[in-house]
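Chain lettering (A, B and C) follows the sequence in which the chains are written, and residue indices restart at 1 in each chain.
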Amino acid sequence: MSWTRKHLLDLQSLEPEEILSILRTAREFKAVGERHIKKVPSLRGKTVINLFIEPSTRTRISFELAAVRLSADVIDFTAEASSLRKGESLKDTARNLEALNADFIIIRHRAAGAPHFLSRVLDAHVVNAGDGAHEHPTQGLLDLFTILETKGRIEGLQVAIIGDIRYSRVARSNIWGLTKLGANVTLCGPPTLVPPEFEKLGCRICHNLHDAIRDADVINLLRIQHERQRRAMFPSLGEYRALFGINTEQLKAARPDATVMHPGPINRGVEVDSEVADGERSVILRQVTNGLAVRMAVLYLLSGGAAAA
Amino acid sequence: MSWTRKHLLDLQSLEPEEILSILRTAREFKAVGERHIKKVPSLRGKTVINLFIEPSTRTRISFELAAVRLSADVIDFTAEASSLRKGESLKDTARNLEALNADFIIIRHRAAGAPHFLSRVLDAHVVNAGDGAHEHPTQGLLDLFTILETKGRIEGLQVAIIGDIRYSRVARSNIWGLTKLGANVTLCGPPTLVPPEFEKLGCRICHNLHDAIRDADVINLLRIQHERQRRAMFPSLGEYRALFGINTEQLKAARPDATVMHPGPINRGVEVDSEVADGERSVILRQVTNGLAVRMAVLYLLSGGAAAA
Amino acid sequence: MSWTRKHLLDLQSLEPEEILSILRTAREFKAVGERHIKKVPSLRGKTVINLFIEPSTRTRISFELAAVRLSADVIDFTAEASSLRKGESLKDTARNLEALNADFIIIRHRAAGAPHFLSRVLDAHVVNAGDGAHEHPTQGLLDLFTILETKGRIEGLQVAIIGDIRYSRVARSNIWGLTKLGANVTLCGPPTLVPPEFEKLGCRICHNLHDAIRDADVINLLRIQHERQRRAMFPSLGEYRALFGINTEQLKAARPDATVMHPGPINRGVEVDSEVADGERSVILRQVTNGLAVRMAVLYLLSGGAAAA
């Protein structure tokens, strides 16, 4: 299947075969990162603008390196120093950046739907780097890539996602991607953070950690994001850890070869203990490496590159 | 005419033929921005330092992209994180940057004359990216370029500049460039913002919007810059809009093919309504694209490149 | 002698011949900075991450330019916008950056020993860009390079280091490097800033400026760093200047060809007067230029490049 989309806005609207095209292409780009010269000329002379209205050093750097290794020129547009402070609208800012002959606008924004809005008013390729609590498609893709790389398949796997589901764009992109590719998804956390409406997305909901990870092939732990929670959704970090934190003891309920994932940055001693985070089942750092490969694949495919077969 | 200047400090001191040399060269560089690979090797191995003591994301990015597309290496020196906080003088900072073998120092500074001062103490090429209320020569050049591109000529045109003239370096660079190339310039705004001494620069002064834009070929709207006005120079934004804001109705006084310009960022609903800013007469986004081409031409010519004939 | 080390953590642990290898290699890279195209392809496709947890525009830019002129890709990781604010540990941050296939981590950190710690947990090359009051090895190397370039030798020279020795990593790296290469080092400043334990490092200690610089070949003035001094270590800047500031008059005690150095940024009128800082004996700006050459040499040697003979 050849790639035909102009933007990467979410995983919800992608066909399973499109997701697989990205994952196959990312496998080839992962090899570039292991070369002596970690660079290919695919996007030479193209301009990529990182429009991060909500700050994120990790994701921004990952996209920047992905673009640079494709030989693109990258401009970092930080919102704080920008015209947005002077009251300019997102649309005006984006159209001004596009007028600089930008080929790609990579946007992170607090508002769900901001990337979709930009895709309707711009000619440039738009990539969603996280919009509110909506989606974070490249994180979903790198999680899928890491599972596929570790387990050899996605279909039929038992995947438990633990933590703050309600506010998590990572959870939503994972759910869309995993269910499209045939995994069975269980969501687990306190009822305030895992509301029942997620069942409509085809997930099992469970408020007991032991039940959630029993026989799991993959356990994806989400970060407790203090910054996105207006009111306290659970009594304390200590109580969260006691009920939903993962240590070696809890991990025994999962399959012996269960993989532990986390989008980072980790709250050690809250959602995961160091013995697990740094243990042999953890693929947390591999996720970071894979994120770069997935983002290279996305930029490459959007620019018209041929998908790997 | 071949280019012989080492610095670009202002338009006041340029000969008309020098300005035309830049505009002709910019036309060739605009074509680079429309290519598949938007890059030429002219400044390969050269170092450009953006020394923006006064923050400006747009202009900084435009210069950065201009340098990058000429294959230069660009270093961003932001004042806030810098030694200037430790009490170092501008001269010491600039000479230290030059000691890193910088070829170009692009400076924006609150103080009028700061670029001229640097040009006397540095060996590097100095480009003025805006100094106080004095000049912003590349903005003046991109405005001239856009007028020439749109109208086919500058000589004999009626150009109305509306708004905060008193505090505007954009206005000053426009006035110098336009009058040198033979346009007739009318300045319009409240008397507090358009003082009578501008008549000495060869401009007509007018405090009535309808009179100012009657028969205008070009209407250049300036941003109401709250940040540069210490005291209130007009009663309110609402009153400013009522007297000097441009909407479709007011625009009828100008020529049917009148072009509307604005250096951005726009205060929609203050100096211009969206129906005009986004209308068919507006070249506001084209100005952004042309700014990149003009800045490429300036860096290229200063480095010894041959002017287009 | 071929270069075999993976990291540059300090000068204390280097052999004299290793230091000389860097200085000889730096001499070749200095010539690159004087070429028309100031760039070599040595680190093409390599990724250098500037991990500056303590802000420093000058040193960061010098490393960035050094890497760029070796054709590496440079990512700037600023601590303020980063996960470190979210409570992530230095180790986690560094391992995440390394997971992006980083080849070099250049670290500045308030804590002495932070680079050594990273070198034990990372596979990437680690370069110390200043750790607390411990060492700043590339500053020490550029000072050695500048002395060697100016005087033709280091062995047997009389070098006076004046100022805040106690809190200065620059002083420590200078002391290790100078004594290893056979110079005689005198430390001078108020007793609160020049404690007696420095004698153990093989230095002469002296609290009288005239005695310290008498017959000196090189006078290295340190910056009075208000930011690193918790309590007042001397009564006032005025008194410091009166006792330890250098002007033309004091300079007469040194040799007629004595060289004046300063790591910058200068407090003019405190540790040095402008007549001396800008005088013919000053090599302060040359130190900046040499810093770039030394850093290019360090990155090149660590990556496996051959040392100059």
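A few comments on the model shown:
Criterion: a residue touches a chain if its C-beta (ideal position, glycine included) is under 8 Å from a C-beta of that chain, and two chains touch if they have at least 3 such contacts.
Here the structure is a predicted model, which is why all the values come from computation and not from measurement.
If you sketch which chains touch which, every chain touches every other chain without exception.
Residues touching across the chain B-chain C interface largely differ between the two copies, under half of the numbers being common to both. Annotation: 41 Å between the Cα-based centres of chain B and chain C.
Among all residues of chain A, those that touch two or more other chains are 78.
Residues of chain A touching chain C in their complex: 33-39, 55, 57-58, 61-62, 64-65, 68-69, 78, 227, 264-268, 285-286, 288-289, 292. Looking at the complex, you find that chain C touches chain A at residues 44-47, 73, 75, 77-78, 81-83, 86-89, 92-93, 95-101.
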